[in-house]
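Two complexes come next, and they have one chain in common, chain A, joined by chain B in the first and chain C in the second.
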Partner chain A sequence: MAGFADLNLPQGPDKKSLQSLLEAAAHLGYSAVALNHVIDFKEKKQEIIKPVSPSELFPSLPIVQGTSKRIKVLTRLTLVVSDPSHCNLLRSTSANIRLYDIIAVFPKTEKLFHIACTTLDVDLVCINVTEKLPFYFRRPPVNMAIDRGIYFELLYTPAIKDSTMRRYTISNAISLMQICKGKNIVISSAAERPLELRGPYDVANLGLLFGLSESEAKAAVSTNCRATMLHGETRKTACGVVYTVKKPRKVEEEETTVPACKKAKTQA
Partner chain B sequence: MPAQLARAPRHLLVCEKGHARHPRSRHAAHVRDHAYSCRVSFLIPECALLPEVLKSTIADIGEYYLVRNLSIHELVAHEFIDAFVKKGSCYALTYNTKIDQDNTAALLPNGKLILSVDKDTYEELGLQGRPSRYSGKKAMRYIITIDLTDAGFHPESKKHNRVLWALKEKKPLEFDFLLAWYNTGAEGSTLMSYFSKNQIQALKPKITFSTLRDLQCPVLQSNDLQGKPEESCSTEELFEWLGAVLNQVSLDNNSSSFLSTYCCPEPNTVVEKAFLCTITGFIIPEKIIQLLEQLCCYFGEPKLAYWLTLTVHGFADSPVSWRESEHGFHKGGENLYNFVIFRNLDYWLQMAVGAHDDCPP
Partner chain C sequence: MAARAEPPPAAFERRVLRSAARHHYLRVRLELPDGGARPNAAQFKQLVVSALRELHGEVGAALPVDVLTYEEKTLSAILRVISSGLVKLWSALTLLGFYQNRRCAFRVLQTSPFLLALSGNSRELVLD
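Up next, the complex of A and B:
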């Protein structure tokens, strides 16, 4: 079992509110969170900026309650796509996209959902919970996504805010469960204020309402989040096996050692 | 789906009865099997002041130690094994780790070191273990058991070298440990002096006393676990009532109270005063056995009370519950037992566990 993670904390401009959100998440027992930067293509052309490194934003990270480790902060990018041309951004090898830890896509039409599950290089596919689904889930793309290791994300904060959205959340989640049978689900908040965050065991109980079994619901907050984070990490490697890390080399040291070896050889 | 929602996570309550002075009574064995206890409370009805004997037993409960940033390979070192594990009973448990999220370690008094590690740590560590029983189809948690008192574990053996290499060089693991040692009279160094270079603190368990007034207590018959409808209460009803009393839940079902509608089970009597004592800390079974003996001797003189209870809670995050059966934390990690001791020294023993746990012995 992995530590609990909340993979969707909207990254607002205000640093203090983010800090209070982080402290609330650490107090509730989450070991990892992901700061979400949302790009919506319906608005004017937006540039994908480089993600701000968490160590610059927060000089000291809070300690997770009940352990002695600090909370881990990742960066995440969500693309809201309503047109197939928007996906070109993901296919192009834009340098800035590579710098995010997790990439998620929010498809608005059935065709885009199919494309996201089968071909796009993403970690999460967001499921709309705030309005009635414009399309039905079909088994082939969902099964392909499960095979590729892509997880479906459900949000729970809209359900806290409004009762109509609560109904849509539960009905959309149940229709997803009927197709995917509870596999590959991640439940996260989209909490803008600390009051909208809920503890990991409570979120696991909420998963029971969506039709997940007890162990699947707990996995949706812990094991599946860990798998998503690892899936995002493998994008920076070659086939998930080889890492490259830039190591600073001291050039002068090398020059002095090489002649010394040569000297030793001639002396011997 | 509604049927699934109505079910609570699985929990078990095992009830057993016996007589404390019977030669084959297993009450001490049950206490010894449950290694790590974090809270002991006893409730004596019809008692306002604690007898001196009990007071001195509680004061003698002993201290435990908290060591910060202790590497596990120090517990496998032979100096430690010879000084503490082989002489007396040594108990160690990691502090501030969660059993379902982090790596946990525990040292049992019979010399077995249990490591409960997650998948990444297990693969990096390189020691032989088995997947956890509560882990699901894809094993995410592994249990490694190392027997420190094994004859094949002497300093130059391959086993010992491998374990030391794994814990010291391959993947050094450091935790904060709670330690306690029951010395069977042998001379030698103490834990304080052995770990003086780590930051070791000696701590005393926290003890609170309170007197409850006008408490409704159920009527119990010692030879009847199930209870008869008008004459006595069953063990399950007693267990629920005791939980309500120890958590200070009011028993009168006030219409203005939104917290609880729980009422004391029928038949019950109103007791003018009852004494409740709670001890919180890292308490070892040997001390609990002494406390149990003194509570049995409480009925040596005639008293108004018909029964008294002793409740022991285990740590929610310990890797083992009874003997070496694995303990997990699903939605709750309770593993507790409760003695009800009657005037004639009959006892009821109730053992309760939560979802990811084996049936207690």
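Up next, the complex of A and C:
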């Protein structure tokens, strides 16, 4: 079975709170989390910075409860787009974007939703849960996104905080389910505190509230998350098959012995 | 040659019971950050019912839920609910965020249609 994963933990500036979040997630049973860096283009021009490698941030990762492996921490970038010109950043193949493991887009208009589902190179399309959707989902772009392997993300932490958001979350989720029939859904938290996290089976139960079937709800926390992570990995490879890894450069020693090729010639 | 008498065909009856258990049992723990009064048993039951009312309305609050045991020291309890109401109760507990304006979280530790299954928890076992 694919391990449980929570693909949206907002990355704040405070390292200690992130560490406590990670420990809470590992204690609840999540095998992988993704630290989310949100870029909003409405504010003044923001630069996409290189993702901080999790091994630098956290010297020791906590062990997932129930296994003996450490929790896996990935990096994720979310672009909040409200204008078609913002998407150019994704197409420009800037070096910094390719360093993130998962790329998500948060479309604010129907046209952008269509563009994100059909042409953009992303792994996740975020569905707004904090306000009434300004557009209705239509079947053609949603079906194309499902064919391309793009997943739709729903958040559950706003539903914990506020009762109005609860209604919007459930209503937006139900209208999405009507169109996509429960396929390609990922449910994640956007928890800023350890108390806002919920265990993976609790989140799978929330999927039942949204109208998923039992197997689809459990897949929304486990299988679909793993598929998203793999989809992000294929972006770093060629055709999903060939990897390039940077090998650490060995310091060149002073060569006192004769180089190998010359030796072969003299021997013969 | 006389035909060997065949043994009478075996008769058996197979009964398949789908979700025959009438109740589901949940072991839950309320996580409250330290400081402040802890709820007693009556307040805990009221908290569960108010969580159901917030999410599922009056019909949800009328769901037959019983608190079988409650420990104030660890804030853990065993709840019993009718099987058809398990999803409602579980989702209501998951989405509860506040107790008396303090942040809290319900952690569902075990759930089973049999009360005996709640006695052992393999997640509490530690490797030596």
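Please note the rule applied: the second predicted complex is superposed on the first by the 247 of 268 C-alpha atoms of A that agree within 3 Å, B and C clash if a C-alpha of one lies under 4 Å from a C-alpha of the other, contacts with A are read in each partner's own complex, and residues count from 1 in each chain.
Everything that follows uses one rule, which is that a residue touches a chain if its C-beta (ideal position, glycine included) is under 8 Å from a C-beta of that chain, and two chains touch if they have at least 3 such contacts.
Just so it is clear, the model here is predicted, and its values are computed rather than measured.
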Which superposed partner A:L206 touches (first chain B, second chain C, both, neither): second
Touched partner set for A:S53, first chain B, second chain C, both or neither: neither
Partner chain(s) touched by A:T164 [first = chain B, second = chain C, both, neither]: neither
Which superposed partner A:K218 touches (first chain B, second chain C, both, neither): first
Chain B versus chain C as contact partner of A:T119, first or second or both or neither: neither
Contacts of A:G66 with chain B and chain C, given as first, second, both or neither: both
Which superposed partner A:N96 touches (first chain B, second chain C, both, neither): neither
Contact residues of chain A, present in both the chain B and the chain C interface: 66, 68, 201, 205, 208-209
Residue ranges of chain A in contact with chain B within the complex: 1-4, 31, 66-69, 174, 201, 204-205, 208-209, 211, 213-215, 218-219, 222-223
Chain A contact footprint on chain B (complex, rising order): 1, 4-5, 9, 96-98, 100-102, 118, 135-136, 138, 140-141, 176, 330-331, 355
Interface residues, chain C side, partner chain A - complex: 31, 33, 54-55, 87, 90-91, 93-97, 103-105, 107-108, 123, 127
Sites on chain A touched by chain C in the complex: 28, 65-66, 68, 156, 159-161, 163, 166, 193, 195-199, 201-203, 205-206, 208-209
